[in-house]
Structures are given as structure tokens and as C-alpha cells.
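Dropping the structures in below, format is C-alpha cells.
Look at the two complexes coming up: chain A is in both, with chain B in one and chain C in the other.
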Partner chain A sequence: MDMEKIKPYLPWITLITLVLLVGIANPSFFNPAGMVGLVADIVPLFIMALGMTFAIYIGGIDLSVQQMANLVTVVATVFLAPLGMGVAVVCIVVGFGFGALSGYITTRLFVPSFVSTLAMGFVALSGAKYLSGERALSMDATLRDESFGWMFATTAGIPNELIIAGLLLFLAWFLQRRTTFGRALKAVGSGELAAVASGLNVDRIKILAFAISGMFAAIAGLMFSVKLSGGDANLANGFLLLAIVAVLVGGTPLTGGVGGVINTLIGTLIVVVIRSAMVYLEIDATQQQMVFGVVLIAAIALTIDRSKLRGIVK
Partner chain B sequence: MADVTADPAQSKRLFPRERIIQWAPLLVLFVLLLLFPFFEWLEDFREAKDHIYLLDSRFFSIRNAARIAMSSAPALMVAVGVTFIIIMGSIDLSMEGTVSVCAVIFAFAFIAWGGTILSWAWLAIPVAMLVGAAMGFVNGIVHVKLKIPSFMASLAMGFVGTGLALLLTGGDRIRVEDPIFRSLLTERWFNFPVMCYVALAFLLIAWFIQSRTTLGRNFYAVGGGEELAHASGLNVERVRIMGFTLAGVFFAVGALLAVGRIGIAETATGNNFMFVSITAVVVGGTALWGGIGGVWNTLVGVLIVNVINNGMVVIGLPGWVQDGTLGLLVIAAVVMSTDRQSVSFVK
Partner chain C sequence: MYELRAVDKTFPGVHALKAVDFKVNRGEIVGLVGENGAGKSTLMKVIYGAYQPDGGNITIDGTTVRFQNPRQAMDHGIGMVFQEQSLILNLTVMENIFLGYEQQFVSFGVINWKKMADAARHQLKKVKLDIDPSTITSELSFAQRQLVELAKVLTLEERVDGDLVILLDEPTSVLAKEEVELLFSLVRELTNRASFIFVSHRMDEVLDLSDRIYVMKDGEVVDVVNHDEAKVEAIQHKMVGRDVDKEYYREQKQLPYGDEVVVSFDNVSMGRSFKDISFDLRRGEVLCLVGTEGSGREAILRTVFGLDTPTTGTVSIKGKQVTKFTAQNGVSSGIGYIPRERKIEGIVAGMSVYENMTLSQMGNYSTGGVLRTGEEKALARDWIDRLAIKTPDVYKDCGGLSGGNQQKVVLAKWRSGGSDIILLDHPTRGLDIGAKEDVYEMVREMSADGAGIILVADTLEEAIGLSHTILVLKDGEFQKRFDGSPGDKPSLFDLVHYMI
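Let's turn to the complex of A and B:
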């Protein structure tokens, strides 16, 4: 069997194998209620990874997602009182704006995305510290329930969180697969110079991709903040690694062009399963970061398209 | 003078990009050194207090210079390490993990082997440097042999390092209280703590490596044009791996100084080193594309970053301003050092 032929199915195979292994070791894993709980728990991470997929799909990276979410937890907490549900709009606009700015800096000012997004992340951190006064803030419980209580209700037995995640996944999938913008993303990811030569406005597409990444990070931050009923400049720390792992393990390579949001769904599920396996094996939280770091390296090594690196890996 | 249409070729010769990149950071540093005292003077002037510019400045004093030098020393070591990598056109984002692991292993070994430099515990220092080298080596192997872009390979290795440090400590802080080791901070020569001189000594070693050894020249060769370097018979992969290993050693020195400064080794010892050191290198004028810059640029860059951080506190700006300023500074520095004619696109 040719390795290149198996590659697209590798994430599926990994997921199914892991689920079976964990299930055999711990049959209670297959308990539906527990499974739904596990998955609902990871919705903010999934949304963040969905956004990150766009940045990686065009061959870039967004290292600002974690700080972006931090900033939004603070924005959501501070402005919940005056704006109510309208705060969601503010959060989304902030995320979109910050992402677009990162994209602008990357494409028009020629700052590599890992530096521009890292730097913009610190600008976001600055904003979060300013708005929060460097304290942990908490939301007013009644206000929160009035505006966002519906997020944690269930519709026909399915938690609304999962429905939101599903809708966002559909939106991202639609953007990627059913619009010209999505086709343009693929063109840019597959070969930027060719995309330029065929007359695409590559800069605009790239800026939009980063903006979408920022926007999804903001939505993730908003959900996280509602979930924990508060905001803090460090609340979402630890999300960055898992978000990158989810995208790359799902099979969207660092070089971009293939994979996509459905892959990220699989990747996130793999992360969930690995996590619950570690809980079962009593690998405590302190060691999980190490495991995910190694998983990340393995995932990149397996998925990256080396023919695109033209022999030079910087 | 009246000739408005100046010859572009000549103006190019007067201020070529390389020369601007070379000297702009030093200029920025001087401006900053004069700017913060100016704000102090301005404040006292408004309140009609006696204040002689520079002489009465709290910022522009030996005591504050020592404070800046002290906070710069560990960051300088880490930044010097990553300078070699950036000269090669790669990047290393693993420093937070590496620094934490080196600090923690140093502290454990130091305490286990006697707890004072006068016993066998001094061996903990070379052990920490070896650990740094080993982590850098693994980083280099992952990057070169698995052909993973360095920013991602090193970022992942950094996460592994932080996890490892957490695993080793279980979240505890380890105190290193040996007075002789702590004399890095407490003993002062000419107003400056010993750790500043240690950092200076390692800076000189780094400069020697950069300018007087084949390895140092090879870094520039790889950064200046990898294909050319490869075609002229250089084992590029080996140079890269050695670069990452060397960087690991300097990260370990940074870790030792960081532990010397606060007397505590913990998982958080490495926090913030990544952004500060990358900022310092880039702001100092070492181009991200490789081939340009060096350890003296990094010294200037580290000083700029720490002068900004310190000066902002002295003139009473709130803490949140710093992160944002550094973020914008990095972007500005990369934009300035980029030759837009030669870059078609970036990822």
C-alpha cells in the first residue's frame, strides 16, 4: 500500500483505533451521556480550532488565538452589563478586526504570520490587561443567565452548545467547500505564486482567512467566558497547543492546501479521546502537555507536504 | 541642494538598507535613554520643582542602570542563543520549555549533591548546560531530520519542555539558597551584580563563536543562501543541528542566571522568555530572513526591550502598556528590516 494513498484516511483510522482501544480498556467510555458530556466540554476548543484551520489551510499559522480568546473573555465580562446579548456582536467584531489586522501585517507588510500573530497576541493581551485592570472579573449571574443561559439548555436532548458548534462547523464547511472564497483559499494554500498568476486577489483572501481565524477565536472566548462566568487576561491559556494539535492531527498539514474544517472535527475528537484516555490511565494534567507536544510533532511529521518545501526547511 | 531629483543610486549608497538596519537600533536605544529622563523632567517642570535634566533623573542613574542590567542578563543569554538560529534564517521558540527544564534540573542536582558550590554541587552547573545542549540537539534533529519548519518543531518542543518541567517539579518551587551561588545577585562589582559580568563573559564567548570560528561563519553562510552553502559543500543539516544545540547551551546559561536572580527554580522560570528574546533579537537588527546581524545587535535589542520596560515603570505608565508596545515594536522592526523588493510573499 502506498503511504500517500492512506494519508487522507489516516485521521479517521487514528480516531477509530483510539476509540476502540479506549473502549476496550474502559467499556464505560461508550456510555452515551458521558460521551456527550466529554464532547460538549471541548466545544470552545473546537471552535477555536475551526478558525485556526483557515489560517493553516492557506499555509500560515495563527498564534494569537489564545490571547484573542483571553481578550474576549474580558470584553464579554465587562460589557455584559450595558449591552446584554449585544456583547456577542462586539466580541465577534473585535475578533474579526484583530484577525484582519494580523492578516494585513502578514500580507502587506511581509511579516511572517508566526511573528505577526505572536506580536498581535501581545497587543491583545495588553488590551485584556487594560480592560480587566489585571484582575479576574466575574459576570453577574442573573445577567448571564438572562442573556446567555440558553447556551446551556438542551434542545431535543442535545446540548445547545453542541448545536452551536454544529452550526459553526456548517458555516465554516460551507465557506470552504461551497463558495468561491473557499476555492480561492485552496488555491492560495496549494501554491501562492500560481494563485497570484491566475489573477486572484491573494492578499484579500489571506487577510480574510486570518480575520475568520480571529473571529472564531473570539466566539470560542465568548463561550468560554459564559461557561466559567467570568473573564481574565489568562483564562484561556493552554488552548493554543490543543488548537494547533486538533488542526494538524485532523490532517490539515502545516503547508496548507489540503484538509479543512471536517478534518479539524476529527482532529478535535482525537484530542478528546486522547484526553479521556489519559484520565483513565491516570496520567495527570501536568503530563498531558508533554504528551500533546509529542503528538503534535508526530502529526506534523506525518502530514506535512515536503514537496512544497522545495528542499529547504527553515 | 537645489537639485530636487537627487540621484537615487547615490542616496542608496549613502544609506543602504544594511547600514540602516545596522545602526537604527543603537540610535533607538540612545533616543530612549534620553526620552525617559525627559518625561521625568517634564513632570517636575509642570509641578515647578527643581530638576536638572539627566542629573536629577531617577531613570538615568547608576542604581537604575544596574537594575536594567540585572533584568537584561538572563534574557540576553536566551536571546544570544536564538540569535544564532535566526542568523541561519530559522527560528527557535522552545526557550520557555528549555529554560524551565534546565532551571529545574539544575536546582534538583544542586540540592541533591550538597547544596553549596563548595561541594560537588557545582557539577550541577555543567549538567544544566548539558541538559540545555541535549534539548537543543533533539530540537535540531526533529527540525532537520523530520523536515518540520523550525518554528513549529521548536514550538512543540517548547510545550514538551514545559510539560517535562511540570512533571519534574509537580508544580512545586525549588529554592536554591546557597549564598555563594546567590552572590550572582548579591555581590556587586562597581555597582553591578556579578551576574551582569557573567552575562558579559558569555556574550564575548558568543561573539568569538560568531566571528572567529568556522561554525559561526557557517551560520551566516546558511542564512545568506542555503542552496549556495549546500552547493559549496557545506553540510547544512549538521550546521543547523549544531546551531540548535549551541542555542540550548545559552538557554541553559540564561536559566542559571534566572535562578540566581530570584533564588527559585520552577516551571514558570521560563515564562516570557520567548517573546522577550525574539523581540530583542529582531529589534536589535538581526533580520528574520537570516544572514544579517549578530550578538552585538542582540545586546542592543535586549537593552532596548529592558529600557522600555523599566522606563515605563519609572515614568509611571501602567503595566499593560508594555506587552502591547513590545508587540508593535516587533512588527515595526520586522517591517523595517524587510527588503520588499526581494520578498514576493510570506506565509
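Let's turn to the complex of A and C:
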């Protein structure tokens, strides 16, 4: 069999194999209520990974997402009282703005995205620390339920969280597959020089990709903060690795151009299954990161497009 | 002593070397000349071990050798002085000279720098370069670096039993006239240490320095001339060879061009690439920029398109002076660019045929940013028919098409978007004859449609056959303009004369 032909189906094969393995070992895994709970749990991570997909799809990366989410948990908690539901808008604007700034630094100042976003992440982190006074803040329970209680209700038996995730997935999918912006993203990810020579405004496209990544990270942070009813500069720690794993295991390689948001859905589900397997096997949370680290390396080695690297990896 | 017999080399679609015989005697300086694409570089690469020939054999003093890589060739005394210098600029001169061969100076795992410096001094003496071996290479002038490069190759003398053959690839291209003379007298003196193969675009230099000259054309050695019998003109005729076939270039379809100026350059210069270039391109005109590699042709194309910003001068597109040089502005003023690196800049591999065709004009196929994919596919089907593009369907990954069909997709992209200034950079490079003729046909059609075309052709025949106007460039400067109406075209010789 030709490896190149299997590659696009690899994430699906991995997901189904894992589900079957886990299901055989632990039949209670197939319990619908348990499954919905498992999936709902991971919604903030999924949203973050969705945004990250845009950065990776153009051949970049966004390492600031976790700190972005941290900052937003604090922003949401601090400004919930004066703004109510309007705090969501502030969070989204902050995320979009930070992302756009990372994009600007990357394209105009020629700082590679892994450094520009890493640096912006620290800026966000220190913003979060400053704003929170380095304390864990909590939301006023009544206010929280008034403004965002609906997030955790259900509609026709489906948790609203999942519906939000579904809507955002549709939005991301629509952007990627149906719009000129999505087409331009693909061109930048697959062949940036040809995109330039076709007259596309490549810088603007890249800046927008990072802005979307930041915006989705902010939405993830907001949901997480509402879920835990508080904010703190370390609340979302541990998300970054999982978000990158979700995108790459899903089949969007670091070299960009292929894969996309549907792949990230598969990738996130793979992450969920691996995590629940580890819980079942009683692997301690600290050791889980080790497993995901290994999975990440394996996913990159399998998906990266060697022809684009021209033999140079630094 | 060093001899190639009936050496053959084929790349997909190109027969680069056809049964080439080549010989270098002890202490001899052999010149190698030919047009771009004649096979000079392939021959050089075979000689210094970067390519392995498909047929024929290589002997040194009668013994057959086969090199897997340049290092093996070096171990047999074959050294290369690269045109684009191979020195690492932030290392010292001595580190560069012994790069990869430091082991001889190592004792107990530590490099003995003093020993290396002494050895380097010995090498530098050979090329009469009086500098401190611990100088950082970037502090040297170009000419000095060239000599260090030569000294580096001459270390082979101590490492190898037997004779040396040293290849000099365009060694004079960055040197001033006096420096060239110094280099030449040095090379002549060094013939007691090594033989030389000298490759240059500058015919007078080749004639001056070489004992014998090999003339290549289309992958063959067409003549070997001794120093005393060599005449510039005779060699140039041999280099360009056959007459141009009028039919082949669709010359009967060449129409007179219009009056409206679409691109105008007024004393435009850009850095070291080109200087004081002026021309007007009119509707329906095919204007060809002719010159050797590095003469500034490509840089001019890129400037017209907006990829590069000129340092001085005025560029006007359709009567409007260009103030901001970006590719977006180029595209929106109706310029289409068909780049030389088709697979990298022309098409996006990984995207389908229809996605590639609308990439430069997505605005025409979308409403509020949402693509009207049905129309895109209809457009693609239409142009697949019009240009007879061989693809199973519009969804096919463009990277999987043949070179000729990829080129048609790129042309369709610009033509379907209404571009009427077309920049062609080596549009037929790597294409087979049938695909080339398709491209010529398209050039004629576009010109008949009133598009202004600037062409950097793959061969001189192509330039003459296709163009109304030829501008000859040399080292970034304008040399001569030729007007070529059908039946009254300049000869190859006319052009070569001004190019080198």
C-alpha cells in the first residue's frame, strides 16, 4: 500500500482503532451519557485547537493560545460584574487583537511565528497576572448564571456547550472551504511564493489567520472560565500541548496547506479517547503529558511534508 | 591524462550530454564555452563528481574512475572553484581552506591552530595572497576571496598523488579588469602544479587564457579549437549553430503592434541588478530581453510586476506612474507573471486546477467573500478546452500535471482574468517540443489580442523567432536594440556579439 494514499485517512483509522481498543477493554466507555460528558468536557480545548488550525494551516504555529486563554479567564472574571454578557465581546476583541499583533510581528517584522507567538504569550500571561493580582479570582455565582448560565443548559437533550462548539466548527469550516479567505489560506499554506506571484495580499491573510487563532483561544478561555466560575493566570495551563496534538494528530501538518478544521475535530476526539484510556489505566495526570509529548512527536513525524522542507530542519 | 569518452547524461525530458568526448592534458588550460542550456554545467558537474554519467567512461591516466560524490573526485585530484563562492564568510581564512580536512591538525582531540595557520600560509603563498590566515573571510574583497577559494582547492596538491585538474566556473564575473589580469597570470603560473578547465561567458577571456577551447551546443561538443586558430566570431557561430525555423515560432502570425504604451521604463535602476534601463512596451508587442545569466533580465520582469522596487527612475503602467511596488498592484493593473520557477511560483501544488486558475482573480468569482465555486469550475472547464489542457477533471491537483499543462494553467489564470500585460520568464523551460509550440501559439494569440508581452526566452532562437523587439543587456546595462519584423530578424550572431 502507498503511504501517501493512506495518509489522509490516517486520523480516521487512528480514531476508530482507539475507540475499539478502549471499548473492548472497558465496555462502559460506550455508555452514551458518559460519552457526551467526556466530549462536553473538552469543548474549550476543541475551540482552542480550531483556532490553532488556522495558524498551522498556513505553515505557522500559535504558541500563545494557552496564555491567551489564561488572560481571558481573568478578564472575564474581572469585568463580568460591570459588563455582564458584554464581557464576551471584550474577550473576543482582546483575543483577536493579540492574535493580529502576533501576525503583524510575524509578517512585518519577520519574526518567525513560533517566537512571535511565544513572546506574545508571555505578554498575555503577565497581563493576566497583573490584572488578577496573582490571585485566583472567582465569579459571583448569581451574575455568572444570569449572564452565561445558558451555556450549560441543554437543548433537546444536547448540552449547549456542544452546540456552541458545533456552530464554531461550522463557522471555521465555512471560512476555510467556502470563502476567498479560506482559499487564500490554502494557497499560502501550500505554496506561498505562488500566492505572492498571483497578487494575493499574503501578509494580510497571515495576520488574519493569527487573529482568528487568538479569537478562538479567547472564546475557549471564556467558556473555561465560566465553567470553573473564576479566573486565574494559570487556569488554562496544560491546554497548549493538547491543542497542538489535536491539530497535528488530526492530520494538519506543521508544513501547512492540507488538513483543516474537520481534521481538528477528529484530532480532538483522538485526544479525548487517549485521555479517557489513560484515566481508565490510572495513569497519573503528570504522566499524561509525557504520553501526549510522545504522541505529538509521532504525529509530526508522520504528517510533515518532507518535500517542503528541502532537507533543512532547525 | 584526464579524459571523458562518450559521456552521456539524461534527465527526465532532457538529453543534457550526448556522447561527449573531453580531454585535459597535464598543465593545460582548457576553455569551455556554450550558450545557456548547452550542457556546460552538466558537464562540469560530471567532471567534479556531483552527477554520475549514464553512459561512457572517465579515465585518469588510463585508469577508469567513477565518482559517487565531489569528495571522491577531490581525492582523485579534481577540484572546483565555484562561481558562487563556497566560502563560509564568518569563518577565518584558514578554517575555510581546511574545511572538512581539519583532522591533520588535531592532536588529543584539539585543533592546533598554529599548525593550521602555518599550513594555510603555505597555501596562500601559492596564490600570492599575503594575508593573515586568521582573518575573518568576510573582511576580504571579492578578488581575495576568489584567491582563497583557489588556495583551498590547491590543498589537493598535498593530499593527492598524481595530477590536479581545477575547474574555474565563471571566476571573473565579480572581478575588475586588473584583478582578472592578475588571476590569469596566476593561473598560467600554476599550470606547473595543475591543469585548468575554464568556463566563462566572456569570450575574449576564454580566448586569451585557454590552450584549447571546447564549444558546446545542445549537449554536444560541436568543435574543439586550438588557441592559435581561435576566432571569436567563428566560435560564436558554432555556439548558436542552425538557422531559425520560421514556421516553428509562428512567424507568419506576427502582426505589427499598436501605439498605446502599456509599460514604460524611464531610466530605471535597481541596486546591482540593472542600471538606467528605458523602454516602452506597446499593445500587441512582444519585447524580448536578451542577455546572459545575471544580466538583469529577470530583475526587470520582477520590477514590472511589482515584486521588486527600483532604486531610481520612473515606471509607468498604462500611463500611470507606479508609486507602490507590490504584486497586488501589478495584478490589479492587468499584469500577469509567468515565472521561471513554475512549480514554486507559477502553480500552487496541492491545489486543484480550478483553484489555481482563479487564484489571482477570486474577487470575480465571489460574493461578499463567499466563493461561487460552480462558476469557477465552469471557467476552468472552458479554459481546459480552449488550451487543450490534459487533465482528468477540474479537481486534479495541479502539482500532478505535466510541465506543459502546468504552464497552460498559469497562462489560463492570467488570460481568463483579462491580464493584458504578460511577463514570461523562460516560459518553455523544461518543456518538450510539442508543449513549446503550444506556448508559442499562445504568445501569438495574446499578442494578436492586444496584450503587451515581455519575454525572457529560454534560447536565443526563441527570442528572435517570437519577438518584435529585442533589447540586449549585459551586466545590467542596456547594449543594443533590435527590431525584428518577419523576414528581417537579427541573426543570432548579432545578438551574441553584444551579449558577451
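Convention: the second predicted complex is superposed on the first by the 314 of 314 C-alpha atoms of A that agree within 3 Å, B and C clash if a C-alpha of one lies under 4 Å from a C-alpha of the other, contacts with A are read in each partner's own complex, and residues count from 1 in each chain.
One rule holds in what follows: contacts are C-beta pairs under 8 Å (C-beta built on N, C-alpha and C of every residue); 3 or more make two chains touch, one makes a residue touch a chain.
Remember, it's a predicted structure, so these values are computed and weren't measured experimentally.
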item: Superposition on chain A - do chain B and chain C clash or fit; value: fit
item: First, second, both or neither for A:G59, with chain B first and chain C second; value: first
item: Which of chain B and chain C A:L193 touches, first, second, both or neither; value: both
item: Touching partner for A:V258 - first (chain B), second (chain C), both, neither; value: second
item: A:Q289 touches, of chain B and chain C: first, second, both or neither?; value: first
item: Partner, of chain C and chain B, that touches more residues belonging to chain A; value: B
item: First, second, both or neither for A:S229, with chain B first and chain C second; value: neither
item: Arrangement angle, chain B at one end, chain C at the other, chain A at the vertex (C-alpha, nearest 10°); value: 70
item: First (chain B), second (chain C), both or neither touched by A:R178; value: second
item: Which of chain B and chain C A:L118 touches, first, second, both or neither; value: first
item: Minimum C-alpha spacing, chains overlaid - chain B and chain C, in Å; value: 6
item: Common interface positions of chain A, toward chain B and toward chain C; value: 193, 196
item: Contacting residues of chain C [partner chain A, same complex]; value: 305, 307, 327-328, 330-332, 337, 339, 341, 344-351, 355, 359-360, 362-363, 366, 369-371, 373, 413
item: Contact set on chain A toward chain C in their complex; value: 178-181, 183-184, 186-187, 190-191, 193-201, 257-258
item: Chain A residues within the chain B interface of the complex; value: 58-61, 105-107, 109-116, 118-123, 125-127, 129-130, 134, 192-193, 196, 202, 241, 244, 254, 256, 286-294, 296-297, 300-301, 304, 306, 309, 311-314
item: Chain B residues touching chain A - in the complex, by the definition given at the top; value: 89-91, 93, 142-144, 146-153, 155-160, 162-164, 166-167, 170-171, 226-227, 275, 278, 282, 288, 290, 318-328, 330-331, 334-335, 338, 340, 343-347
